[in-house]
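Presented sequentially are two complexes of chain A, the first with chain B as partner and the second with chain C.
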Partner chain A sequence: MDTLISVITDTVLITLVLALAAFGLAIIYGLIGVINMGHGAMLTLGAYFTWSLTRHGMPFVASVLLSASAVGTVGLVFEHLIIRHFYNRPFDTLLLTWAFFLVATEVIKIVFGTDFRNVARPIEGAIDIGIYRIPAYRTIVGGLSILLILSTAFILYKTSLGIKIRAMVQNREMAGLLGLNVAFMYKCVFGFGSFIAGLAGGLIAPMYSVDPYMGNTFLVRSFFVVIVGGIGQVLAGTLFGSFTIGGLETVLALFSDQVIAQIAVFFIAVVLLRFRPQGVFTGR
Partner chain B sequence: MTLEAHSAANDAHHAPLRARLIHGEDLAAIVLFLALAIVPLVISGYVVYILPQYMLLGLLAMSLAILWGYGGIVSFGQAAFFAIGAYSIGLVMKYASLPVNPAYIGILLGTTGAGLAALVIGYFLFSAGVRSTYFVVATLALSIIVEQTVKSFSNITGGWNGLYVDRMTVSLGSLYELSLFDDMPMYYTVLLVVFVVYVVTVAVMRSPFGKIVIGVRENEDRMLALGFNVPAYKTLLFGLSGLLAGVAGAFYATHANFAHPSNAGVLFSTQVVIWVAVGGRRSLIGAFAGAIIVASLSNYLSSIKAIQNYWPLLQGLIFIAAIILFREGLAGLVESLFQKQKHASAP
Partner chain C sequence: MTENKKSRSITRRQALGAMAGTAAVLGTPALIRPAKAADPIKIGVLSPVTGAWTVYGQAHSRGFELAVEEINAAGGVLGRPIEMILADYQTDQRLVVEQANRLLRQEKVDLLAGTFSSADRNAAGPVVKAADKILLYPTWYEGQIKDYYPGVCNPNIFMFGPEPTQQVWPFMEYMVSNHGKKFYMIGSDYAWPRVTNLFTKEKLQELGGEVVAEVYIPFNTPQYESVLRDIREKKPDIIFHSLTGSDTVNFAQQFHAAGMSKDFTYWTVDDEEVVTSGLGPEVSAGHFVSFDYFMTISHPNNKAFLERYKAKYGPDALMNTVGVGMYNAAHMGALAIAKAGKVETAAIREGLKELTFDKAPQGPVKMRGLDNQIVVPSYLMKVRAGWTSVNDMFEEVQSVPSVEPKDARCDLPL
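Coming up: the complex of A and B.
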C-alpha cells in the first residue's frame, strides 16, 4: 500500500514537472510547427538566470519571472533575426534551432562556467498526508504547471486572441488574407514558448543541480512528450504525453536501475512513434 | 524496372548540375588523396599520428553525406553506429581468443553489426513512413540509448572510463605480419581503407541505386507513384550509412586506443552534422574534407589559450552561416570559384 501511494504521488509529480518542461516546446511545435531543438538550452538559460539573480539577493519568485522574460526576449530576438525567414523550410529551422542550442550552451559556459550550481529551495519541508510525505516545493511547481496549462487553454479557447491563433494554425494563408498579422503572431507564439521554457528552467532549477547540459535530458524527453501526446494537442496532449513518459519512468525504475529505465522509456517511445506517429491519444 | 521509370528517375534531379559536380568531385578526390599520401613523406611527428583519426572522422561524415545529400534524410544518430564499430573491435580484441586475427573479426563484426542495426532500425521506421523531423528525433534517441547502454554495462565496457583498445596487426595467415603500432604503417593502412571505401561508395551512389535515391530526395511521392519501393531504398541507404559509420568506428578505436561512451553521444552525432554542413552535403569528398578541416582547426585552436574557450562558439556560428548562406558548403564554394574562372576565361 505504501509503495502504491508513493508510486502514484511520484508519477503525478513527475508528470506535472515534465509537462511544465515540455510545455514551451509543445506550444512552438504545435502552433507554428517549428521543432525547437534549442528548447533544452532555453531551459538551461532560465535556470542559470535564476541562479544568478537569486545569488545577488533577488527574491526567488521575482528572479524566476525576470529570467523567464529574459529567455522570452532571447527567443524573440532569435526569431526576428533568423527563424522568421525559414518558416517555409521546417528542416532548416530544426538545424538552426540546434545551432542556437550549440551557441547558447557555449555562451553559458563562457559566462557562468562549467561547474555545477545549486539554487536554494525557496520552500523547504514536506506536506504530510498521513503515511507519505510529499516534498512541498515539487507540489507547488506541479500546481503551477496545471495552472499554466489551464490559463493557456483559457487564452486559446476563450479569448479573441485565441481564436486568431487557432485560425492561423488551421490555415495560415487564409488567416493572412482575412487580415490577421500572421508574421506578428508567429513571433508572439515563439516568444511565448521561449518565455515558458525559461520559466520552466527557473522553476526546475532548485530540484536539480544546474549545469550547462541540464536541458539536454529534458529536450529528448520533451520531444517524446509532444510526439506521444500528439502534435497540435498542446494542452491535453502534453499532459497525456508527460503521464506516459513520466509514468513509465517511475514504474520501470521500481524494477530496475534508473538508467536502464530511461533507456527502456526511450526505446518504447521510438516504438510508439513508429506505430502512432500522429500521437497515441489522437484518433486516426 | 522499366526503361521509362529509369529515365524518370534520372529526370528527377537536375542532370546538368550533377554532371558538373561529378567531374569536379573526381578531380578534388584525386588531389586530396594524393596530398594525404604525400604528407608523411614531408612532415613527421604529431601530424602523422593524428591525421588518420581525422580521415576516419571524414569517413563518418561521408556516412551522413550519402544520407543527407543524396537521400535528403538527416540522422542525429550516426555516432551510435560509429560506437557499435568501436566497441565491437574493442570487445573482441579484449575478450575473444580466436585462431584468426581478432582485429579482423572485430572489424567484420563492427561493420556488419552497425550495418545490420541500421537496416533493422531503418526498416522499422521507414516502413511506417516515419519521415524527416520524426526520423531526426528517433535517431537522436538512438544515440542516447547506445550511449547509456555502454555506460551502464560498465563491468564489460569500462563505463565512463572507456575501453582500452590495442593497435591492431595486419596479418596474412602466418605468412606475413605487420603491426600497426607505429604511426607510419597505421597512416597508410587507414588511408588505403578510407580510399577504398570512398571509391566503392562513389560507385554505389553513381549506380542506378544512387539515382533512385536522389529521385526520392527530389520527390518522394512521384517515386512512389512510379512504382519504386521507396521504404526499401531508404532502408538500404540507411544500412549502407550505418555500415560506413561502423567501419570508421572500428578503425578509429584501434587507432586512438580507446572506445568511449561519448563516441556514441548526441553531441558527437551532431558534430557530424556540422562537418557535413560545412563541407558540403551534396559532395562526398566535400563532407570528407569538411570533417578533416573542422577537426584539425578545432584541435589547433583548442591548443591556443586565448581562444580555446571560444572555438565551440565560433563553430556554432559557422554552422549557422553554412545553413543560411552556404547551403552547398565548402564544396559549393570551390565549385562556384571554378565556375567563375571558366566564365572569365571564356570570350
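Coming up: the complex of A and C.
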C-alpha cells in the first residue's frame, strides 16, 4: 500500500514536470509545425537567466517570470529574423533551430561559464504524508504545470484567439484568405512557445543540474512526448506522452532495474508509434 | 603512344629526383635540429572543452597550462620550451581517437596528456599503443584490470589520479564503524563505477559489511524517484555514490528534496569542487567525499599552488583533483624528460618510473614503476554546512599522507 501510494505520487509528479518541460516544444511543433531543435537551449537559457537574476538578489518568482519573458523575446527575434522566412520548408527550420541550439549553447558558455550552477530551492523541505514525504517544491511545479496546460486549453478552446489559431492550424491558406493575419499569429505562437520553454527552464532549475547542456536531457524526451502524444494534440497528447515517457519508467522500475526500465519505455514508445503513427491522440 | 613512353620515362627521372630531394629534405632537419635548441617540446592535451564533461574541462586544461607556464618560466626542459597543443574532443570517444591521431600525425606531438573519463582513456589506449607514445592520464579512476587493456595495463599510459584502493579503501574502516555496515551503491552505467564498486565490495566483505543494492543508471537520467523509493525500502546506512556529471547533481537534488538527507549517510567518490558547487550548500551539506586533492587541504604546497593559480585565473577559479592531476602530469613529464636527457618514448617511460615530485599541491607524490600508478595522499572530507565558496567547502575528517595502492591486476611489471 505504501509502495502503491508512493508510486502513484511519483508517477504523477514526473508526468507533470516532464509535461512542463515538453510543453513549449508541443506548442511550437503542434501549432505551427516547426521542429524546434532549439527547445533544449531555450530551457537552458531560462535556467541560466533565473540563476543569474536570483544571484543578484531578485526574488525567485520575479526571476522566473523575467527569464521566461527574456527567452520569449529571444524566440520572437529569432522568428522575425530567420524562421518566418522558412515556414514552408520544415526541414530547413529543423536545421536552423539546430543552429540556434549550437549558437545559444556556446554563448551560454561564454557568458555564464562552463561550471555547474545551482539555484536555491525557493521552498525547502518535503510534505510529510505519514508514510512518505513528497518534495514540496516539485509538487508546486507539478501544480503550475496543470495550471499552465489548463489555461492554454482555455485560450485554445474558449476564446476567439483560440478559434483563430485552430483555424490556422487546420488550413493556413484558407485562414489567411478569410482575413486572419497568419504571419502575426505564427509569430505569437513561436514567441509563446519560447516563453513557455524559458518558464519551464526557470522552474526546473532548482531541481536539476544547471549546466550548458541541461536542456539536452529533456530535448529527446520532449520529442518523444510530442510524437507519442500526437502532433497538434497539445493538451491531452502532451500529458499522455509525458506519462508514457516519464511516468511509466517509474512503474517499470518497480519490476526491473533502471537501465531495463528506460529501454522498455522507449521500446513501448516505438511500438505505440508503429500502431498509431499519428500519435495516440490523433484520429486517423 | 610515343609521347606516353616519353612522359613515363620523364616521370621516372622526376621521381628519382624527387626522391633525392625528399631524402635531402628529410635529412636536413636531423642535421639542423641539434643546433636549433629552442625547438619546443610539443605535448598534445586532450581535454573535454565541450560536451557532457565541459564542467570538468576547464580545471583539466588549466592545471596543465599553469604547469607548462611554470616550466617555461624556469627555462624549459633541456633548454627547450614546452608547447601545449590543446585539442577539444567534445566528450565524444570517437573524437578522442580522431584528435589523438591528429595531434600525433599532424601536430607531431612528442607525447599526450589528458582525456577525462575512463571511457575516454580506453578510447585513447589503442592509439598510443600503436603510435608508441606516452599518455599522461590525470583522473581518479577504477584501477587497472587486464580485461580493459589497452586502456589500462598499457606500458605507455601513466596514471596520475587515485584508484579505489587509494581513494576508498583507506576510509572504509572509519565509515563502516562510525556510520554502518549496509551500503547502497548507485553509479553511472560504465566502467569506472562498476569496477570501483567491485573493489569497494571486496574490502567491505573483509570488514563484515554488506551491499544491500547495486544500481547503475544510464547517462542523462533526469528522474530518480524509483531509486529513492528503493533506498527507503532497503534501509541502508551508507549511500555509496559514483554517479557522474549532471546525473550526480540531479540525483542529489532529488534525494535532498525528498527529505532523505538526514536519514542516510552519503559518501561520494565523484563530487569534487565542480560538482559540489553545482549542488549548492543546502543539498551537499554533510556529504562525505574522498579524493587525493581538495582546494581546502592545508598542505603548504597547496597554499602556494592556489596563489599562483588564482593569480592567473582569478579568485573564483575552481581547481580539483583532475586539474591537479594534469598539473602534476605536466611537471613530472618535464622532469622525466630532463632525467632521460632526450624526448623519446622509451626514455620518457624510464624517466617517469619511480619519479618523485615534491611540489605536488596535495603533498609529495611518486610514480610507481611497477604499474605506472601514482602514489598519492588521500583525504576524507565532509562538506561543511553553509559553505560559501570552494575555499571553505570541505572540512577534513581523516587523511593519509601517502597511500600505496594494491598492485594493478595486469601482467606486471608494465
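In this text, the second predicted complex is superposed on the first by the 262 of 284 C-alpha atoms of A that agree within 3 Å, B and C clash if a C-alpha of one lies under 4 Å from a C-alpha of the other, contacts with A are read in each partner's own complex, and residues count from 1 in each chain.
Here is the rule we use: a residue touches a chain if its C-beta (ideal position, glycine included) is under 8 Å from a C-beta of that chain, and two chains touch if they have at least 3 such contacts.
Remember, it's a predicted structure, so these values are computed and weren't measured experimentally.
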Let me test your reading of the model: by the given contact rule, A:Lys109 touches which partner, first (chain B), second (chain C), both or neither? both
Applying the document's definition of touch, where does A:Gly46 land relative to chain B and chain C: first, second, both, or neither? neither
Name the contact category of A:Val259: first (chain B only), second (chain C only), both, or neither. both
Would you mind checking which one, chain B or chain C, touches more residues on chain A? C
Which superposed partner A:Trp98 touches (first chain B, second chain C, both, neither): first
Scan A:Asn118 for contacts with chain B and chain C and give back first, second, both or neither. second
Could you tell me if A:Gly215 is touching chain B, chain C, both of them or neither one (first, second, both, neither)? neither
When the two structures are overlaid on chain A, which partner does A:Tyr137 contact: first (chain B), second (chain C), both, or neither? second
After lining up the shared chain so the two structures overlap, which partner does A:Gly198 touch, if you call chain B first and chain C second: first, second, both or neither? neither
According to the stated criteria, A:Val7 is in contact with first (chain B), second (chain C), both, or neither; which is it? second
Can you give me the overlap between the chain B contact set and the chain C contact set on chain A? 109, 216, 257, 259, 262
Touch list for chain A against partner chain C, complex: 3, 6-7, 10, 13-14, 17, 109, 113-121, 124-126, 128, 133-138, 206-214, 216-218, 221, 246, 249-250, 253-254, 257-259, 261-262
In the complex formed with chain A, which residues of chain C make contact? 50-52, 54-55, 57-58, 189, 215-218, 220-223, 225-227, 229-230, 233, 245-246, 248-250, 253-254, 257-260, 274-275, 277-280, 282-283, 318
Which chain A residues qualify as touching chain B in the complex? 35, 82, 90-92, 94-96, 98-99, 102-103, 106-107, 109-110, 216, 220, 223-224, 227, 257, 259-260, 262-263, 266-267, 269-270, 273-275, 277
Please name which positions on chain B make contact with chain A in the complex. 74, 124-125, 128-130, 132-134, 136-138, 140-142, 144-145, 148-149, 151-152, 266, 270, 273, 277, 309-310, 312-313, 315-317, 319-320, 323-324
